[in-house]
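Paired with chain B in one complex and with chain C in the other, chain A is shared by the two complexes that follow.
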Partner chain A sequence: MPLELVCPAGSLMALKAAIDNGADAVYMGFRDNTNARAFPGLNFDDAQAAEGLRYAHDRGRKVLLALNTYPQSDTWQRWTGAVDRAAKLGMDAVILADAGLMRYAVKHYPALRLHLSVQGSATSYEAVNFYREHFGVQRAVLPRVLSLPQVENVVKNTPVEIELFGFGGLCVMVEGRCLLSSYCTGESPNSAGVCSPAKSVQWKETSTGLESRLNGVLLDRYGKDEKAGYPTLCKGRFEVSGETYYALEEPTSLNTLDLLPEMLKMGIAAIKIEGRQRSPAYVTQVTRVWRAAIDAVKKNAESFVPAPGWMAELNKLSEGQSHTLGAYHRPWK
Partner chain B sequence: MNLSLGPLLYYWSREDTFAFYESAADWPVARVYLGETVCSRRHLLRLPDWLDVAGKLAAAGKEVVLSTQTLIESESDLKVLRKIVRDGRFLVEANEWGAVRLLSEAKVPFVAGPTLNIYNPQTLDVLAALGARRWLPPVEVSRSALAALLDHAPAGMETEVFAYGRLPLAYSARCFTARHYNLPKDDCQFRCLDHPDGLPLATREGKPFLTINGIQTQSAGVYNLIDELPSLRELGVACLRLSPQSRHMERVVKAYDAALAGDASAAAGLAKVMPGASVDGYWHGRAGLEHDATQHG
Partner chain C sequence: MLNLAVPPPVATLVSRLPVAPPSLAFTVAANRLLWPALQTLDWQPLVGRRYAIRVKDLGLGVRFTVTPRGFSPTQGAPELTISATARDFLLLLGRREDPDTLFFSRRLVSEGDTELGLIVKNMLDALDPECVLARLPAPMASVARRLLASA
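Up next, the complex of A and B:
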């Protein structure tokens, strides 16, 4: 079935919200650094995961487990233990980035379905097919760096299902290949499961405005009428050759509603909504819009136009109240 | 322990690039990594040119390694990759897993580059089975994390560590140099040529923070492990990678060579030719931009 809607579940409440509003699948993480949203108060212990699985399976939906950080040598067992728990709980798939961990999963649980995480940084069919041949990976999530024609070229040259990010926070860097956060704070998504961690954030009101810092590094300074966003490192304002601007990326969200007909046509298997750190209310609203949009495009792709109400609702939820087609749309680059 | 000259991460004119490698033939490095690893639009040297340089350096007694592009986006990127693998005369460094696939299919030994994300011995073992004979950890890996990995590393695997230079930290589809000049990436006018050591990015209070290098983002601080040679030796690290800079690279290489030979004054000499502040936080398990104050100031 093409264009499966895959929604974020940072908590049991968010999981139920996603399922109740039409997600075909949800993805979650365990409550530690084995996943790339290792935030305090987020994610699932085994009992909650089991309840979430029951809730989803009773309604014919799937649960995917993100195990997408890179296992560290001295705590390798934490990651293999997470694979063991996923298999025991009956997860519909595990989303992995690390080749060594994939080898472990295939060896011990040959029936467990494997997805290649976006953190695996596979941007070509040669890379995607590598994971297929060696570990039987059945789906790959592509980094948010390819244009749509480039995505189509991957789809045409691999039997692996392709999942794309559709909505939410926008990584401007290739996922899995960005160490900006650890350069500044010591912790990166790859090794610690966090980007620009909250514990390193400092806010300070000064005479020149509200300042946001990450481990002491000034990321931005906001004037009176400016809305301050979460200080994600790549979305700060910096000085380059005497000019102060968003040197890497504006605080904006990815929104690909406009591209749904093309994604359907090229055979994209699933659309992923980013945001396990978001509230159940957010998940409710985003899932509802995307369910309606995917149903509409499947009914009639030729005449599909995103309803103005959908765009308005999504923009309200977007970072900086604005959105972009990101790399899918060539001029963004 | 010996020295490697890492791949050139910046975009220089043809003349400057040829001149750089002509002098490198006489430097005390055991091997040289060649090729464009950052951006496929950088074409002043095409693969035949690189192979030409490779031949000359090999004739001068250097081990030559062809380094592959880190972010593969298009079919033409894959074509170049296939040509590199097919050439067969030189060892190849794989910087993403598509290259690993092609090299293992060709059944040739290869170097597993620092962007393959090898954080544990199990993944290194997967690569060893596919033909990797040398590897580099990601630049963020600390001494103690590397030690834990090497305790269980596959036999016969050589370890190379990125030891000197601005740290390559991130890759994007977007070109930040073109963005700075308000140019579309597809018509970037090759502005990277104006910035032979990248474009400095500072915070709003003027503190150097990062370096823009086309689609790559580097640190502003210069990673420098010259004070860490004893711990690198103790770990059994075989080679140290020195990343090219546009000026004084010969002095950088000679400083490391002297330090390897036991010259305690080499670090102070190196400090004079570094294009930015020394950082080594990653090696000590801290934020990358930090510097171990117990060492040279």
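Up next, the complex of A and C:
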């Protein structure tokens, strides 16, 4: 079935909110750095994961496990252990980035469905097909760097299901290859599971505005009425040649409601909503809007126009000043 | 002639009252009403740390710490301060607004230890509000529901 709605779950309450509001699948992580939202107090232990699976399966929905960081040689067993736990719990799929881990999963659990994480950074059908041929990967989440015609080219040339990001915070878009914050914190997002470890983040109200710092490095200073963003290095404002601006990227949120008819037409298997770090209230609001939108586009793609109320609701939840279609819609290639 | 002097026993009693009545009232109420539903949570990372909640529009502030037996008022400098208006606190408690949304729009201010703030946020997110409401005395639960719905 095309355009499956895949929603984030950082807790059991968020998982239930996603299911109750119409998610076809939720994705979650374990309580360690085997996933890219390794924040303190977030995510699932085995008992919570089992309860989440029960809740979803009772209602005919799926649960996917994000195992999307890169294992380090000295802690390799933590990642293979997570694959073992996922198989034992009965996860509907694991979302992997590391080829070694895929090899382990295929060898030990041939029936376990594998998805290629966005962190795997496969941007061509050749790369996607490589993962299929070698590990039997059944779905790939494409990095947010491709334009829609480029996505279509991938879809046309692979039997692998394609999942696209539909909504949420954008990152610097070198997914799986970004080391930026490690220069400040000593921890790389792809192995430690976070861009900005909370212990390294400082927020401070000053006479000139709200300051965010990462290990003492000033990331941004927000004026009184300016919207704040996540304290990541890529979204900071820096002084370059005497001018202070977003030198790497502006904090904006991706919102692709406008593109749903095209996505449906080209056979996109699933739409992913970003935000496992967000609260159940966010999951409820976003899931509700996207459920309505996907149902509407499936009913009549020709006449589909996003309802202004949907856009307003999503804009309210966004990080940064505005939303964008990201790279999906760009004149340059 | 009236004797305006405070009788010694009363003066002694007053001197023993805490200097921060709102914090005392808050912790007494929270221990009585909320702790029964909250005590099963994993408080270990939060015990002994100092918190402040400021309700900006009411000019109300409370300072407390967490012990293995419940909340306790404290005077020390807070390690984590959370500020918002009464309405925004109600929207958060009623799960009708997301804390990150309020934070981006500068309606929710978190100062101090970011990691501690995140642990608190994630713990509250994982909590089922219905479980807390179910443990309240019936009239209190009904008031709480109405309050949360009215924000």
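Heads up, the rule we're going with is that the second predicted complex is superposed on the first by the 324 of 333 C-alpha atoms of A that agree within 3 Å, B and C clash if a C-alpha of one lies under 4 Å from a C-alpha of the other, contacts with A are read in each partner's own complex, and residues count from 1 in each chain.
By our rule, a residue touches a chain if its C-beta (ideal position, glycine included) is under 8 Å from a C-beta of that chain, and two chains touch if they have at least 3 such contacts.
Predicted model only: the values in this text are computed from it and were never measured.
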(request) State whether A:Val201 touches chain B only (first), chain C only (second), both chains, or neither. (result) second
(request) For A:Leu101, select first, second, both or neither according to whether it touches chain B, chain C, the two together, or no partner. (result) first
(message) If we overlay the two complexes on their shared chain A, which of chain B and chain C does A:Asp220 touch? Say first, second, both or neither.
(response) first
(request) Determine, for the superposed model, which of the two partners chain B and chain C contacts more residues of chain A. (result) B
(message) With both complexes overlaid on chain A, does A:Ala281 touch chain B (first), chain C (second), both or neither?
(response) second
(message) For a test of understanding, state which residues of chain C touch chain A in their complex under the given definition.
(response) 45, 92, 95-101, 103-106, 109-111, 114-115, 117-123, 125-128
(message) Applying the document's contact rule, which stretches of chain B touch chain A when the two form their complex?
(response) 70-75, 77-78, 81, 96-102, 115, 117, 119-127, 138-140, 145, 148-149, 151-152, 167, 169-176, 179-180, 184-186, 199-207, 209-210, 212, 217, 219, 281-282, 285-289
(request) Under the touch definition given earlier, write down the residues of chain A that touch chain C in their complex. (result) 10-14, 39-42, 197-199, 201-205, 210, 222, 224-229, 231, 277-282, 284-285, 316-320
(message) Considering only the defined contacts, which chain A positions touch chain B in the complex?
(response) 70-74, 76, 97-101, 103-104, 120-127, 129-131, 133-134, 144-147, 150, 153, 172-174, 176-180, 182-186, 188, 190-191, 215, 217-221, 234, 236-241, 243-244, 247-249, 327, 330-333
